[in-house]
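A single structure is presented below for examination.
Chain lettering (A, B and C) follows the sequence in which the chains are written, and residue indices restart at 1 in each chain.
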Amino acid sequence: MTATVSSPPLHAPGVPELSRRRRTRDVLATVMVHVAFAIAMVPLVWILYSVLGHGWHLLLDSTWWTNSQRNINPERAGGGVYHAIFGTLAQALICAVIAVPLAVFTAIYLVEYGTGRLARAVSFTVDILTGIPSIVAGLFIYALWVTTFGLQRVGLAASLSLVLLMVPVVVRSTEEMLKLVPNELREASYALGVPKWKTISRIVLPTALGGIVTGVMLGLARVMGETAPLLILGPYASSINTDLFNGNMATLPTMIRENFGLPDQPAIDRMWASALTLIVLVLLLNIAGRVVARFSGVKK
Amino acid sequence: MAILTGRPGPGTSPPPADLSSTGRFGDRVFHGLSTGSGIVVIGLVTAVGAFLLAQALPALVRNDANFLTDRVWQVDGDPLRFGIPDLLWVTVISSLVAMVIALPVAIGVALYLTEYAPPRLARPFAYLVDLLAAVPSIVYGLWGATIIITYVAPVQTFLGSVLGWIPLFSTENAITGTIFLASIVLAVMILPIITAISREVFAQTPLTHKEGALALGATRWEMIRTTVLPFGTPGTISAAMLGLGRALGETIAVSLIMGTTNGAFSWSLFSGGETFASRIANNAQEFDTPTKAGAFIAAGLVLFVLTFVVNAMARVVIERRKAFAE
Amino acid sequence: MAQRIDVKDLNIYYDRFKAVEDVSMTIEARSVTAFIGPSGCGKSTVLRTLNRMHEVIPKATVTGTVDLNGRNLYDRDVDPVAVRRTVGMVFQRPNPFPTMSISDNVAAGLKLGGERNKAVLAEAVERSLRGANLWNEVKDRLDKPGAGLSGGQQQRLCIARAIAVEPQVLLMDEPCSALDPISTLAIEDLIEEIKTNYTIVIVTHNMQQAARVSDRTAFFNLAATGKPGRLVEMDDTTKIFSNPGRKETEDYISGRFG
C-alpha cells in the first residue's frame, strides 16, 4: 500500500480519518515549502536570463576576447575585455599564491597540532575573518599600503586585500576535509615509524586533496567577483597593464562599474557583456570545484 | 636495532644521520609553519582593527561635529564635520528588512530540501540554491538597478498607498532607487547563506525524534513542527544573524541600487540613502588627504565593529547549541 | 632479528584516569603471545604502549619501563618514531592508504623513511607480500588501489606493509575481528608461519583463536568497573586453557564470567 497521510484509503477499518484541520495544515505546509523553493529559483533564473540576454552577442565577437578598451569611448562600440580578464586572473592568482599556503597551514594547525587557548583564538579569528565586509578589507589595505607606506593603488594592493577574503574560505574547507580523513590512517602511518610531518604531508594531505582543491576554487570564485576593495585599491584602466607593481589595472568588476549608469548603448552592451564574462568565469570555477569534490572525495 | 640501541645518552647531541632518519627537524619545521600561520591569521585580524582605529582617530579628533549624533558629512577642508546616524539607520534598516524577507523563504527552502524534495533531487537542488551565492555582488547590483527596479516600483506605490501613514512606508520623497529595492536584492543575496546553515541543522535532527513523532500519528507537518523546527531553531537564529552580518557589509550592490538623497533624511524605506559601505565605495576615488580618508575609515571601523558584534552573537548561539547537543 | 620484551611496573593513564595498573611481564622472542580478557580490561592499551602508540592520544601517559633487548623504550632520548620502526603494528580494522596502490601501500614505510632505490623497494614489496601470503593474489595488479581488495586481503596487505620495514616485533590488535572465518583462518596460518622471524603479540576476543595461535597467554581483568585493568596471570597457553592458576581466569575461560 502506498496510501499517503493526506489521502487515506477508503476501506481502512479501525483506522480513524484525520481531522480536516490537521489534513489542511499538512497540505498547506507542503504547498508553502514548494513555493519557497520556487521563489528561491526565480532570481537565479532571472539574473542568468537577463545577463545572458543582454550580453551574449558581444561575447561571440573574437575581438571581445583579444582586445582591450584602449582608445574606445563610451559612445563607440568595439574593443574587448582582454585587459580586464587579465587583471582579474592575475590578481586572483597572486592572491591565491599568498592565501593558499597560509590557509592550508592554518587548517593543519587547527586539526593536527592546535590545542588549548591558541587554537581557540585562531579558530575565533578565522570566524571573524569570514564575516569581515570586503570593503573593510579594502580599507585596511588602503590604510596600510597607501597611508602608511605611501605606495600607489596598484594591482598588488588589490590582491592583498583579496587575501583577507580568501583565507577564511580555504581554512574552513581544508579544516573540514582534514577532519574527514580517518584517524586510522594517521595511526597506520605512525605505526610504520613515519614521523608526524611526513604523515601529514604524504598521507593526510593527499587523502584530503580533492576537497582542498575544491575549497581553493570556491575561494577563487569568491575573490574574482569581489568589487568593493577594488573600488578603493584598483582603479580601472582601459588599456592592458601586465605590471602588478605599477599603474592602474583593469578587472572585470571595475570594468562593469565603469560602464554602469552611462546613457550610451555601446557602454550598456559592454556592461552586460563583461558581467556575463565574469559570471561565466566564476561559474566555471564553481562547477569545476564541485566536480573535483565529487570525484575525489575522501573514501569512507 | 642501531637506531634504538646505538643512540647517545642524554646531554650529547645526536649525529645528523639520526636526525634525518627520525624526522625531528622536519617535525619542528612543519609544526612551526602551522603554528606560525595560525598566529599570522590572528595578527591579520588584530592589524585590521588596529590600523583602522589608528587612522580613524586623527580625523575623529579634528571632527567638529558629534560623530554619533550629527547628520552632516563635510570632509573637504578644515574643520571636518561628520557624523554617522544616517548611515547607521540606512545600513541597519536595509539589512533588517532583507533578513525579514529572506528568513521565511530560507526556512521553507531548507525544509523543502531536507524533508520534502525527492532524495535524488535534493542534492542538485541544494546546489542550485548555492549557485545564488556564487553570483558576484556587482551582478546583483546591475540586476537590481536596471531590471527589477521597474517591477518593484508599482509594489512600492501600492504599499505606500495602503501603509503610507506609517513613517517607514511614507512616499513623501519617494524615488526609484530605494532602500526597499536594496533590501529585496540583499534578501536574495543572503538567502543561500541562511538556507545552507538551516539545511545543515535541520538534517541533523535525530531520526529517532522524527520517527517517534510519526509513530504517534503525526502528519509530516506536525512532525516537522514538533521535532525539526525546535531542534533547528538555535541554528536558524545564528544563520539569520550571519546573513544579517553579510547584508550589513554589502557594498557594490547597494551602491549601484540606492539613489542618494543629498542630505534630505527620511525614515521611509521608499527613500534613498547610503550605508556605511556604499558611502565609502561612492567616495573611494576621492581619498586624497589622510584626514579625509580618516573620516571614511572611521565609518569603516563602525561597520567592522557592527558586523563583528552580529557575527560573534551568531557564533555564541551556535556554540551554545553544540554544548546543548552533546 | 626477533627480540624479547620485558615490561616492568607499567602504569598507563589517560589524563588523570589510570587505565592499567602495575603490569610486569616478559614476552619471549620468536613466539606468539596472546592477550585475552573482557572488554575494557586494558589489553589493547597495554599493547599500544609496546610501540609507544599510546601517546598519540592527547594527554595519555605511562610510568614504568618497557625494555626491548635491554633498552627502555621510554628512556628520554629514545625517539618514538624509531621505536615504531622496530615494533610494527596491525590494527583491528584493515586501513590501507586510500590514495596509494597495492605496491605503494606495502612500500609506504620504506619510502616515507627515505628509501628511493626502485630495485630495493620492488624487492621489499615482493618479499613482504609473499611473507603475508598475498603475492599470488595481487601480483598482476600491484598498481591498483589497495582499497579494492576484500577485507581479508586488505588485512594481509596491512600485515605486508608492517613487515616491509623489517620490524623485530609485530603487534596485532584484534586483527581478525572485522573478518569472515575463511579470512581469519588465512591470517592465523600466516601468524603461525611468520613467528619464526618475529616476536608477535596479539590481542584477541576469541579464546579459540588464542588457544590455536599462541604459545603464551596473558589474561587481563578489571577489579570492578571504573577501576584500572591489571594482569591477572601469564603462562603457557596450554596451561592457561587446561589448568589456570587463578580462579578468575578459569571463570573467564569457561564462560562463567560476570
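Throughout what follows, contacts are C-beta pairs under 8 Å (C-beta built on N, C-alpha and C of every residue); 3 or more make two chains touch, one makes a residue touch a chain.
Small disclaimer: the values here were computed from a predicted structure and weren't measured.
Relative to the centroid of every protein C-alpha atom shown, the closest chain centre, again from C-alpha atoms, is found for A. Comparing the CA-atom centres of all chains against that of subunit A, the greatest distance is found for C.
Between the Cα centres of subunit A and subunit B there is a gap of 15 Å.
Averaged C-alpha coordinates put the centre of subunit A at 47 Å from the centre of subunit C.
Centre-to-centre separation of subunit B and subunit C, using mean CA positions: 52 Å. Touching two or more other chains at once are residues 194-195, 198 of subunit A.
Contact of a single residue of subunit B with at least two other chains is seen at positions 22-24. In subunit C, the positions touching at least two other chains are 81-83, 85-86, 113. Residues of subunit B touching subunit A in their complex: 22-24, 26-27, 29-31, 33-42, 44-45, 47-48, 51-52, 54-55, 104-109, 111-113, 115-117, 125, 127-129, 131-132, 134-143, 145, 147-148, 188, 191, 195, 219-222, 224, 242, 245-246, 248-252, 256, 276-277, 280-281, 284-285, 287, 290, 293, 296-297, 300, 303-304, 307-308, 310-312, 315.
Contacts from subunit C toward subunit A in the complex involve residues 51, 53, 56, 58, 81-86, 88-89, 91, 93, 95, 97-99, 108-109, 112-113, 147, 158, 161-162, 165. Residue ranges of subunit A in contact with subunit C, taken from their complex: 115, 182, 184-195, 198-199, 202-203, 206-207, 209, 298-299.
Subunit A contributes residues 5-6, 18, 22-23, 25-26, 28-30, 32-37, 39-41, 43-44, 46-47, 50-51, 101-103, 105-106, 108-110, 112-114, 118-119, 121-122, 124-140, 142-144, 146-148, 164, 167, 171, 194-198, 200-201, 221, 224-228, 231-232, 235, 253, 256-257, 260, 271-272, 275, 278-279, 282-283, 286, 290 to its touches with subunit B in the complex.
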